[in-house]
Structure formats: structure tokens, C-alpha cells
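Right, one structure below, let's go through it.
By written order: A, B, C and D. Residues from 1 in each chain.
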């Protein structure tokens, strides 16, 4: 019993339970949107569910889409936990993906070597880009929120330039993209004919590892305290500078790894906008915030967001509800999950009951 | 206003066709054709025209059709696979961003016919349709060179990506072929959906002496048109004939017949003479062109261009078709 | 002709900065009551759409602008309710609202006008351009200051008005107090939530104006996603200007100027990607020269509540 | 009767913070409220101020039942509250902080000049000098306290609640404040005064109410009682008589050699050529009016601030300008001056707050030993009688006094040769004070070197073997335990040094 409480399963149960009713409310609002366009509410939601988890294939598709979101969300969680509001996941993913593609293309050797080289390059690129923002903060006191946002644009244009010109595939269709990787460097698929690749396992492992790291290691403890009260941490002998740089570095490296797996696991090359147009980074930030920066929670929230997105494709394929309405449904779900309606509802009712008057 | 594109699923052409023809052909199963776009159709003329072409084919050849929009390119693969699972008879997709996914899915499903528009996928069960936009751009550039009074013309381009090089490079070649000392200004918007910025750039080019500014910025073109109207210079649109919007200032349009191509693809399939391999549409095949020269327009011809120039342009067109003039494709290796 | 700097550069800066400035002021008002508003982009987009819609329905530009303000005001009320009333995380709600706005405007475009992607009606008239009687005749200054839409002037007027409001009036003073220490403000009996709602709704109205200037002032049409990231730049301008109206104006002008400069750089055979990167890189460099005030650093910790 | 609180009960879930409390206040009376940490004093006051609503019971003002749902209601009824943790706007001026809520205005415009004038007049009327145009962030704590009271008076309060107003003040400021309270009471203003310092309470209040575990154990006239009786009512037992053995100091553990810390450009140095040692087995007390360099000294000898000149050696190692981690390695434990700023992470659990600084010994190869950590921390919770629901309770839910005990326990557990004890008993009740004092003395017996900084002269006198007085960044004098008296120290603190 005690051991169970120590791990805090209660907290997880609560973290899961609270959004539950919120989802119901979000579904209700979405239903109104569907109803206004004359769609069948039940069918639409059924298709949404089928699109996300309706068959083994779609479940794996959802998990495939969740993979980069999970990894980036873990990176964001780590930075948030250390008290640094890193909004730069996008840029870090972009540079990670580009570097991984280059490494996989140009590093000689067998598949394993290429994959390892790509992972290292991707993590380094993402990590260093994040580190730059961290360094600008520690060295020049530049606001991290602003710099990480700005660095996203710089990364985006820099990568865009690289694949539009110097690194553009020879011949080809004219898309701004690198050459296709040698198939040896592709991440193995988990199931034949499905999109889910080994990166997902790494992401799950990373989530468990990060949760363990934060709760059970000395460095994780220091990071948490630094984020909670930096003066307290300094007082207790935690060194802010190095710890900040390390956590920013790891945070960026995780985002970089997210980009790497997009290249090695799904696209097999770097394509301009492959990170920005699916909006991975913002999904990751949302997942993190929804879960209060808890790694396991962030991973689950990432899967939820990915499911909403693949579910929307199911609606698109099989109903007359326009694609735009799917995004309305998705956002209303997110809005209500974020509000944790149940929680505040209960709290207020209790307060009212106790006081006999409205707070 | 714009034409009602009736895109997406909102008006399902397949069902409509079924309603009209269902009774007549009740015995025979209809062929089912699906178009999977690699991104939201949204503002993209290229895709809306394909939907139009498909709708037309559906009505004429008694097809059941369906359009599936992908929210972003990473979703194409799942949509293609779903389409295979749904047992559509023909799956059409488009653009280079769908190429990798199609290659994968087509290889895994060798008995399923596919078609892809605007890029080439090398697989035995895929028909690829390409456009030689640079030829049309060449004509447009030549038209600009023949018409300009100031010797300076410009283009407002959506993004600096290789694909759009087909447009700018073709234009430049055409321009220089008729007026070697002409000045060609190029500015990039950085987005496909930013008419305000496009307008700003058009105004900038006008202030730098351009009397003709070609819009190559997708939806941004509307901003270019507004600038032309305000400052009284001349401009041209893309993909469809847009001269009707403001014949006085929008004097030309560079055409890309994605609707025709989609229609032809569906038609071939319905008629049973569908072939695989790569087909290229250029001036010769009338897959691309410019208004007044390769296609009629309901708008009056602007005096800025003039019939004399149109005649010269027709000659240039013939030279390109005959091979007397070759337009270099900047994407060719 | 190919000089890098000329007067039209400044003039272009001025008019295109207006939507940015309005949105950044909106962000500043929210920041002043302690709310980090990432929904500026979505709100501006909604404003751009509803301005066109209002103009189309009522066939009156002014009513179009008012309609936009009302609609975005209502949207911001939703934002406020979730963030203040239900204690949701502002960034999640903001991001979701951006997403909602993209979907809703695109859908409404089709549902109402029956078109996809873009609505444009050449019969529709946009915001008028005001020529200022005497000023317009002064050679350079005239070109610079005259001939803009009323909303451009309003944007700059609002800077002054907000500066006055915040730092000279009682209400502004209390609003600052609410932002500085909500617990203390509450214990003083100030209606903290009312101030927060007020600031958010006002910022919604500002975003409505920003959108209207974009869709009825800069051009006269609506396009899906036509804000093209301006809301995020506005967010940066808010932070860079340390949520001070004058500072925000400075930051917006800086952005506008750098952006205009970057288009000029395109003609100097600098690769386009680099010219487009230029405003962002320059901003970081400029930041090196402005010492970070504590207020700004705190806003970086508005985060994970 | 101005105020009557009748049968007030407040429950938080299963916990009863106040249990049928009766409390009354006459006009012009000073009524003190005392009790152990967590006895329910603040809760009772928060209900009076409308920040919380009673589960049961009635509040009457001038005989009429009133229900306050928000502070604004209470303010309207003439009630003002000065919270223990100040409710000020640090970046605003003194005048702005005082007039907020009832600003002088001309047509919606905030007339700051009139505000300054008004505040000047107000401060003269009540004899509380403040500089209206100064920024609150730059004001010493004593002045901030004044600002809070002036603010409340400006709101027209006839009843002022002071929740531990003297906790952070220097003796002079305390003295001044208590006299101001008496003066205002004579003008007809009523006060409820919460304090853990019985001599203050006895000297200032007319009546005293004692709370224990949420219940009233008695209300007595100040004239009819004494500290011993009060502490019996509070703690339920007699406090042990205090004993301190003579010092037997050994080698120097902390050596501060000509340390200078320069202030902001142009200003006087914050620490000016300060030299002293703290030896094994002795407690050295530092006295001084706040703002004379104590904080800077503490930060300089704990690695939280760099020195401009001079050297600091700890247990034989030169640690000048090393960081906090290196100081700790060299043998420092530190009970910080401001427990919430430096001493704790409010949002984290009791266990995590306890772990700080012990990570090295409570982990193996970088991995935390969870069981040992919990055992260790619950050991401290037991021995220092920290009231907490569990080890997973967030630190912010501990009352200030209990948080302080946890911090003391954590720092004493280091067993380092050198301990800084800064305001070690601020805000704790008398029972806890005894525990903390015992812990410090025990460490002294174990040959630890202790540097004690306290604004409580009684505490300094009680514990120190030697006393150093800081004045304007310099050591104004040194007294041995035998020669030190409150008068002598006060004189040195005021700058009257014997050269």
C-alpha cells in the first residue's frame, strides 16, 4: 500500500480522471458543430474513434503520429520542470531532423552505424540549438521565451534554404527535400505493412526514463527544485548555470530525436516543412501543459492529441463533415480538457455548500 | 466573387451522380474513383481545379467519386492505405509531397491502379502526369517583354522553393528572349496565403519602375491585383483565367489545366484505356498555356498587350511546340 | 532605384505595422493583468474574417469593423472564461483557440460565401484612406504620414491613449496593481477578475481591429490563414516592448522596419531564406543592447501554473 | 462591544481549524491572540476579514450580525488587516500603495501629487513617518509595516488585525510599532494583535485570548497574568528552565578577513573591512539594525554573494568567492533569513524540501535512496514536532512555524562544523523556540561553530558567547556574554560605538 502511494498512483488516476468529464463536454460542443453542418453526430464520432483506434492499422497510425509529439513533449517537460519556458521545440526538431537526414545520407557504414550517427547528429543539433537559447539567457540575460520563439523562425528558414539549394536532391520532382535515405538506415517497422516504427518504443522508453529520472535521481531532484524555486536550489548548493545548460541541452536533444525519428522512421528524408505543417511542436507544448509537465502524463496527452488528429482523418474519409469542422471539434475537446471542468466544478460546488453562498 | 468550387466532401459529387444516373445503370456496378490530396485544399487552385475535373468526369462517365483531403502531408500515407482498403478502383493523388507515400503504397499493392498528378512516381501500377509549366512561363515572360514600356517587369512569388523555379526561370528566359536588356524583379512573399505582403511587394516593384508584375504567389495574387488596380499597372494571374476579375489590369493568366488532366485521367479509366507510365503536359498537349495565346478568354484583350503581341506570342508558342525553341527546365538535372 | 534605404521604406513600415501594433497592444493588455495570450494569431484571423463578413452583410465598412470587434470580443470572452474562470492553462487554451479560429473561419467562409480559400468581391470597398490636409503637401513627411486608413492612425493614437490610461488614470493604476500582485489586490477588495476580464475583452477588440485593418485596410479580401504568423510576431513585440504601450510600439516599428528592409535585401542577391530570417536574427541582436528589465523576466515565468 | 465572534467553527475537510471560538473586542482595545503554530489564529482572522467563511458561527459588529464574503465587505465595515506576509506592490511608490482603492482623482485621472500630499498628512496625523515618493521595494521591512498600517488606516479602518506584525522587525522598530498601537488605541482604534512574543503581548494588550488546537483555552486580562501562565495555557505544560554551560571555544572554524562588499555605484560599502572568527564550540551572535550589513554578511559567508575584497576561510579551506555548493562542501549548514525565499520550495513536498543539501548522502551513484530519505525526514518531523499531514504534503500547506522547524531540522542534520542560524525562530511558537534553541546549544556542545543572526536581542543574549554589533557595514563593537546587556548592544546598534 505504502509503496503504491509513494509512486503516486493516486495522482495519475486523478490526472486521468479529471479530463474525462471534460472530454465529454468537449464532445458535446463538437456535437453542436457537427449538428450545424447537418452531419450525424453519432456517425461522426464513431468515425473519429475508428480513425484513431478503430482497427489495428489506425491504432498504429495514431501511435506513429504520437511518436514525435511524445518525444518533443518530454523535452519540453524537462525544460519546464527546470523552470525554463522553452518554446523552441519546433526549431530544435527541424534542425534535429535535418542533421539526422544528413548523417544518415553521408556517414558511411552499415544501417546500424547510419542510424546511430543520425540519432547522435539529430540530438546534437536539437540540443545545441536549445543550448544556444540557454546560453543567451545565462550569459546575456535574454528572455528565453522570446529567443526560443525567434530561433524557431531562424531554424525554419535555415533548414528551408539548405534543402531548397545546397542539399536538394539531385533530379527528383522539384520538391525542397534531401535525397531519400538508403533503406538500410530506415528504422525497422514494428509490424509489417504498418507505419509504426521502432522510434515509438524509444519514445515510450524515454517517457519512463524521464519520469524515473526526475523522481528517483539526484540530478532530477535538483532540476525539479531549480524549477520550483531557483533561489532555494542555489541556497542548497545546486549550480544553476550548468544545470540550466544541461537541461536545455537534453530538452533540445529530445526534440531533436523527435525530428530524427520523423526522418528515419516515416519520411526517410528531410522535407521542407515536414515538422512545421503537422504542428508537432505546438502539440507537444500542449501535451506538456495538459499533463502539468509530468512525463508519463505528457506521453498520454500526446497520444490523445495524435488520436484527435488521426481521428479527424477518419471523419474526413468517411463522412460528409468538412475537414474544417474536425479542427473545430478537436479544439473544443482540447479547450475543455485544459479547463479540467470537473475539477473546478467540484471545487466550486463544495465551496458553495460549505459557505452557503456563491464565491 | 470566386467560382463556387464545390470542393471537398461538402457536395459529394459521387452521390449526386448516383442520384441522377442510378436508375439508368442499376444493374452495373459503378467504378469508384478517389482523389487524395496531400494537404488541405483550402486556397490551392491547383487542387480545386482537380476536384472540378473529377466532378465533371463523374457526371459524364457515371463514376462514383470521392475527395479525401489530408490535413498535412504526413497523413497522405494513411489516407492512401485507407483508400486501398476501401477498394476504390482508381486512386488519384497529386504533388511531390504525396510521391514518397504513393511509392510505398503502390509497391505494396501492385494490383491497385493509381495516378499521380504533377510529379513522377516510378512504379508499374502508377500513371504519372507532369506539367511543363516553364513553357507557359516562358510565354508569359515573352508577353511581358513585348508589352512593357519601362523595360522593367516583376514577379511576386510565394516562396523561394525549387518548384517555383519553373515559373521564374521560364519567365526570365521568355523575357530575355524578346528583350535581352529587360530588368526582371523578383520578390518572395514567404507564404502561400499572405495577400497583404504580396500587395506590398507588388507596390514595391511598381515603385522600382515595373509596369507589369506577374502574380505567382498563390492566394497572394489577389493582393497583387489590388496593387495593380490602385497604382494602375498591369498584372497576370495563375492556373485559371483570372482576367475576368479586373480585365483592365489583370491582362493575362498563365494556365495549368489540372482540371482537364484529372478529367482525362478519369475518362481514360472509365473507358478502359488507362495506361501506366509517365505523361507530360506542355504547350504541345495544351496542358499549360496563357490566355489569349493558347486559350480563348471571355475578357477583352488589354491594349497593354495588344493583338500584335498576341500574334508574336502565338509564333513563339509554335516554335516551342515544334522544338525550334527549347525552354530549359530548371529542375532538370 | 536600388538603394537599400529610402522614404517609401519608412512609409511602408508605418502602414504595415498597424495590425501588428494593434495585436501587440492586445498582448500587452493581457500581460499587464498577468495572462500570456498566445491566441493573438487566432483572434486576429477571426477579426479579419468577421470584418469582411460584417462589411458584406451590412454593406458598410464601419459596421464591418464594429462587427469584427464584437465577434472577437466574444471569442476573447471564451478565452477569459477558460483561463480565469476555469483556471485552464493560458497557453493551451490560446493554442486551441488559434486552431479553432483557423477551422472556423475556413468553414464559415465556405458555409457563408460558398467559396473555399478566399473571398473577394471587387464591388466591396475597404477602409478609406485619409489624406491629412496640410501634411500631405509636405514633400517627404506627407508621403510618410498621410494617406493611411483610419485604423492606422487609431493604432498609434491608442498607443498614446493606453500609455495615458495605464500610467495616469485610476483605473489603469488598479489594473497594473492587479497584474503586479493579484493576491494583494484581492485582499484590498479590488475586483481582480473583473479587471482581468476587462483587459482580455479589450484585447479581443484590439485584435478585431488588427484583423479588420488586415482584411479591409491592407487589402480588401479574406484568405484562409491570411494573418500568416503576424500574431506570433505581435507576441514577440509584446514581450520585447515589455508590455509598455510605447515600448510595444517601438518593438513593432522595429519589426516592421526590419521586415521592409529584408524585402529590399532580396534585390541584393542575398538568398531569400536569409533575408526572411533577417528580422528575427536582428531582433535577437537588438535584444543584446537592451537590458532585460525584471518585469520581462517575470513574464517568462507566467508559465506552468 | 465592537466585535463579537460567537461559536465560530471552521473545518477544512476533516481538519477543524477553529472549534466554537468565542472572541470579542471593545472599542479602543488591544486584544491579543496567542497560540502555538497551527492553533488557528490566522484562520480566525481570515474569516473576520472575509477571506474565508466560517462553517458555523456568527460575527457581530456593534451587535449586528454580519457576513463577509470578500475582503471588500470587511473593509466597508471598517475592518482592516495587515497580513503577516505583506500585501504590497513592490514596484509602486509608498503613496500609491497607501491610497490604492481610494485614490484621489480629478476626472478619472489619478492625481499622484494629491496622493503624496494626502499620505504626508496621514503619516503626520498618526505619527508614522514615511517618504511618499519612495519605491516600496526600496523600503526596509519596518517601513513596509508602517505602510501597511497606514493603508489600513486610510481605508478608514476602526478595527485593525495585525497578524504577527513584529516577526520581521528590529527591536527598535518593534518598540516603535507597539507604542504606535497604544497611541492609536487611545485615539479609539481597536486592534487584534497576533504574536508569539509573550513580552510584547503582555506589554501592549489589554486582554489576551489563548487558542490551542482550534479551541479557546481562555481569555485573560494582561494585567492579571504572566508569561508562565500564558505558556501553560498555550502549550499545556511548563517550559523547562533555560540553562547554558560556559563556553569552551577551540580553533577557528570560520575566519573572515577584511571582507568588503561594495554597494551600488557611488554608495557606501555594504560591508566595510569586516574581520572576525567563529571558533569551534561557541556561538557568535551578530546584532544590528537591519540594513547595516547582516544580510550581506550572511550571503558572503555562505557563497550566495561575491565579496569585493578580503578572504573567507571555512574549516581551514579558502572559500573566498566560491559558490554555495563549495561552501557546503567545506562544512557549512545554513538556516536562512527568509525561509520562503531561500529556505524552501513551496510547491514541493515536505520530503523534497527536507532532502535539499542531503542529496549526496541520501543517494547512491546519483540515484536517490527513497526509503532512507523518508525515514530520515520523518525522523526530523518527529523530533522537531513538525505538524504536517504527511511527507507528501506540499510545503506551502505547512504553517510558517512548522516550515521553520523543518528547515532547522534539515540544516542541523548536516552535522557540519559550521552553522549559520539566521533568525532561527522567526514566527515560531514558544514551544518550538525551545526546541530550536536546544538544538543550537547541543551543536555547540558537540564543538560546532555557530554564527547566530537575530533581530531578537533576547535571543542573542540568551544564546551567544560573544556578540558582534554591525553598524553601517562595520563591526561597531564586540561584547562577551558576561558583559553584554540589552542597553550596551542597543547603543552600539545605534552607532554609539566605543571607538
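Going forward, a residue touches a chain if its C-beta (ideal position, glycine included) is under 8 Å from a C-beta of that chain, and two chains touch if they have at least 3 such contacts.
All values reported here derive from a predicted model rather than from experimental measurement.
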Labels of chains that are neighbours to subunit C and to subunit D: A
Comparison of A-D and B-C (more C-beta pairs in contact): B-C
Centre-of-Cα separation between subunit D and subunit B, whole angstrom: 76
Where subunit A and subunit B are represented by their mean Cα positions, the distance between them in whole Å: 36
Whole-Å gap separating subunit A and subunit D, where each centre is the average of the chain's CA atoms: 45
Overlap residues in subunit C, where contacts from two or more other chains coincide: 106, 110, 271, 273, 276
Sequence positions of subunit A contacting 2 or more other chains: 160, 164, 322, 326-327
Multi-partner residues of subunit D (at least 2 other chains): none
In contact (per the touch rule at the top): chain pairs: A-B, A-C, A-D, B-C, C-D
Sites on subunit D touched by subunit A in the complex: 11, 53, 55, 67, 69, 302, 304, 323-325, 327-329, 334, 336, 341-348, 352, 355-357, 359-360, 363, 366-368, 370, 374, 392
Contacting residues of subunit C [partner subunit A, same complex]: 78, 82, 85-89, 91-93, 95-97, 99-100, 102-104, 106-107, 110-111, 232, 235-236, 239-240, 271, 273-274, 276-277, 280-281, 283-284, 287-288, 291-292, 296-297, 299-301, 303-304
Residue numbers on subunit B that touch subunit C, as the complex places them: 1-5, 7-8, 10, 40-44, 48, 159-160, 185-188, 190-191, 193-197, 199-201, 203-204, 207-209, 219, 222-223, 226, 245-246
In the complex, subunit C residues that touch subunit B: 1-2, 8, 12, 16, 106, 110, 113-122, 214, 218-221, 223-226, 228-229, 263-264, 266-267, 271-273, 276
In the complex, subunit D residues that touch subunit C: 49, 51, 70-73, 75-76, 81, 83, 87-92, 96, 100-101, 103, 105, 108-110
